[in-house]
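Following: one structure in structure tokens, then a few remarks.
All chains are identified by letter, namely A, B, C and D, in their written order; residue positions are counted from 1 within each chain.
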Amino acid sequence: NCPLTLIGGPCVIESGDFTLFMAEQIAKVCDRLGISFIFKSSFDKANRTSINSFRGQNLETGLQILQRVKEEVGVPVLTDIHESYQAATVAEVVDVLQIPAFLCRQTDLLLAAAATGKVVNVKKGQFLGPWDMKNVVRKLESGGTKRILLTERGTSFGYNTLVVDFRSLPQMREFGYPVVFDATHSVQMPGGQGDKSGGQRQFVPYLARAAAAIGIDALFMEVHENPDTAPSDGPNMIPLAELESVLKQVLNVRNSLQAVPTTV
Amino acid sequence: NCPLTLIGGPCVIESGDFTLFMAEQIAKVCDRLGISFIFKSSFDKANRTSINSFRGQNLETGLQILQRVKEEVGVPVLTDIHESYQAATVAEVVDVLQIPAFLCRQTDLLLAAAATGKVVNVKKGQFLGPWDMKNVVRKLESGGTKRILLTERGTSFGYNTLVVDFRSLPQMREFGYPVVFDATHSVQMPGGQGDKSGGQRQFVPYLARAAAAIGIDALFMEVHENPDTAPSDGPNMIPLAELESVLKQVLNVRNSLQAVPTTV
Amino acid sequence: NCPLTLIGGPCVIESGDFTLFMAEQIAKVCDRLGISFIFKSSFDKANRTSINSFRGQNLETGLQILQRVKEEVGVPVLTDIHESYQAATVAEVVDVLQIPAFLCRQTDLLLAAAATGKVVNVKKGQFLGPWDMKNVVRKLESGGTKRILLTERGTSFGYNTLVVDFRSLPQMREFGYPVVFDATHSVQMPGGQGDKSGGQRQFVPYLARAAAAIGIDALFMEVHENPDTAPSDGPNMIPLAELESVLKQVLNVRNSLQAVPTTV
Amino acid sequence: NCPLTLIGGPCVIESGDFTLFMAEQIAKVCDRLGISFIFKSSFDKANRTSINSFRGQNLETGLQILQRVKEEVGVPVLTDIHESYQAATVAEVVDVLQIPAFLCRQTDLLLAAAATGKVVNVKKGQFLGPWDMKNVVRKLESGGTKRILLTERGTSFGYNTLVVDFRSLPQMREFGYPVVFDATHSVQMPGGQGDKSGGQRQFVPYLARAAAAIGIDALFMEVHENPDTAPSDGPNMIPLAELESVLKQVLNVRNSLQAVPTTV
């Protein structure tokens, strides 16, 4: 019954001006639709497929830009961390610390994130069953936090392919924390283009609607003004111009669950 | 924009009276909700996990019972065939011939089904990608029919487990035929109980709603008055008493797609 | 400690002369190496990817050619059946009836094969765990036969890809019957070329050696004088000219197991 | 044609005395068989399934124990690192730095390891195809090293299960570096016991022999005097008492490849 939250933004922090522009545009769409908005962008793409890929701004510059988003757009911000030393610094600026899927079992990283007192969003590893996330939750809880989000972003299915097992959403919700569906990484084709990942942007609206029909607390989508020229995750990000349409579809599906007693 | 169709019934034909009872009960629910109804039940479970499992009535008795359903309940009926010699006989009674997933590439079976002129519903093999179904469609078309339904019922994911890749529904729809989501076999755990298949009935409403949010023409669900005592597929069939609730949820989600321009 | 058996031949029966030629050539190689030989070729490719693919000779012609192989080359022959009515007729000629992987759970087909009294070779379904084959074995045993071979030919791994889980060989051997490794279908890429299957012939020697190191009773390989022009399974068959080299490698690995007490 | 190398030892560093004991015992076996030996043990299990699992010694103590192994047993040592700050410190003692599978795409970690000038052994992520390791190799090369080992340790296959695709060994070898087969983690069942991982120790000899038949430069096996009481990875480690038997089998298979021209 809570309003939907969107966690969204361009995959990686490019320039300050572009980042601000994107945050403002997405915020406007969310305002119109009554959706809560958390801005997401990465200061560092620490596990890019190839060494030659753009990695983003350095930590300091990235955080300065995220600070501007908070102040000038007035929305909470989320970014991901990759080693435990980054947690405290990043937590000085961001509202939500994100743990990447590959790193979701790294105990030190989880404990460092928990210690900040900020909300921690953990992406379910592509190599884990939904029930395996209970151990991740316990690691965070043992670090003293109950401010936890759990995100589904697809599971390894053969080579260079992910599949979303939507049973994971109700299963992860049983751990007692809000669940998030990452609709754009779920259509990634990891490493599918040799030295970079491919993606199937065209399926984002379908999977986002399906997740809404299952029952989610937040939707995660990477959005870019022009995904085809974006430095990271272009093939799976959705264009800014389509954001409102996708969100409307998701809201309509989500609202339809209110109309009857629903198994959630 | 077409009304939803339910393909439903108990997995296997038990007694004539029970079969009639189930058909009537399901028909009443569908009437109340404005859903089209095709009654499904198998005269023979030809690929049961174990040799000791109940296989159903013989062909002749099974068809007599299906004939009674047609006449006394007034609904179209569907059953599955396993060898090509059965097609013509079965087609004298049923309205839809179903090709089981394991057999979806058997050319003779497809051609025999196509030759009857009846609607043919093919389940996508657990071992096929959605695009591979194009070759199945072409086999049927080459047999002279365009009366084709394509059903998603889950894909092999490791051992004894299926996963639904919901991208398959829009992909199969591109072949130009109606698509069906089989919500009860999709939660089957094939062979998962040693000498019989397990199932996760509790996820049926979630996956059925997700399919409705993606966009389907028909929903397939096996329904039983008392699944826990059913001779086949008990762990994944839904109880008759829950059918109406599940269908209402599905209809609400489906109707919500009408409210905005939707990517389907 | 038994000598190795090769089950081999071109995928599908082409002309009688070519079939005889291949049988003679393979028999010579096996003679030189002290390997038992069972000639394999299909009279019908009943589940080709596409309707336009060559399906082989009809049943009668195919069996006549296999009869000539038996008489003129003096080796036992194997072919596969697809519907239960074929079992008795085929058994008049062949020594081993083979059940295709997609059909390995079809009870009627298994029982019809068992009833012939001939050896039955069942390929493990791509959708089954090795332990699931126990139920297949029981079906055959309940049909009155103990003359059973169990063949590993790869398991579904994502889309259009198979993977061999070599743990299946010792697991299936525990059922008390000889195990076979199908080295050429294991490198198939089902449907991987759109309207036909691809294959990775270059990995056949590796996987055949690995199977020999695990422990097998027979090796199954499709062999063709010129795979690149073969009407079926060209991408995964090995050329006749390479057969002897592959078999020598396999024999050497297999013999090395005798030298020390081996966990088999 | 190079002699085989064993990378082996108990999963995690327990006491100094026990670690020394294990190193000595394994070294003796390798000496007898003419196998090169690199001692492996982890100072920290940074990604244990559960927060309550034993993580090992701290970095300083762990390195002191590894230093004793080098000096007192006279063998090179390997350990794994989890964050980039550890690389330089660890490299003061160990001969081979290992990058865990979950972390194989973390660019900073790879570059930090490369910068030490020590050999770097990268485990292929359970979520990667063999060809994807080319990008990992390039990251290391761009960091200035050519001292690289690539290890196969199984690929995600459904939930809580790994499968070894042995085609990965020849594919990874094409990148120009030695390939290693990790026979004990390949039989792990990640998270398969709820709050810890299960394993299938009984399949280790089979898979190790299969890898030898494919062609490997080194074999990785975790070994423990009493795996059933070991604090980590007990279900998949092999007992010290069986080490010599397994290695003999592997050597016999490996030597058999020399006898004929082999496709490697």
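The working rule: a contact is a pair of C-beta atoms (placed from the backbone, for glycine too) under 8 Å apart; a residue touches a chain by one contact, two chains touch by 3 or more.
Every value quoted in this text rests on a predicted model; they were computed, and no experiment measured them.
For the pair chain A and chain C, chains touching both partners: B, D.
Common neighbours of chain B and chain C, listed by label, are A, D. The most distant chain from chain C, with centres taken as the mean of CA atoms, is A. Chain A and chain D have centres, each the mean of its CA atoms, that are 33 Å apart.
With centres set at the average Cα position, the gap from chain B to chain D is 48 Å. Chain geometry summary: the mean Cα position of chain A and that of chain B are 36 Å apart. Touching two or more other chains at once are residues 155, 157, 159 of chain C. If touching chains are joined by edges, the resulting network of the protein chains shown connects every chain directly with every other. Within the complex formed with chain B, the residues of chain A that make contact are 155, 157, 163-167, 169-170, 187, 200, 203, 205-207, 209-215, 245-246, 248-249, 252-253, 255-257, 259-263.
Residues of chain D that touch chain A in their complex: 46-51, 55, 82-85, 102-103, 105-108, 125-129, 131-132, 135, 138-139, 142, 155-156, 159-160, 190-191, 194-195. Of all residues in chain B, only 157-159, 161 touch chain D in the complex they form.
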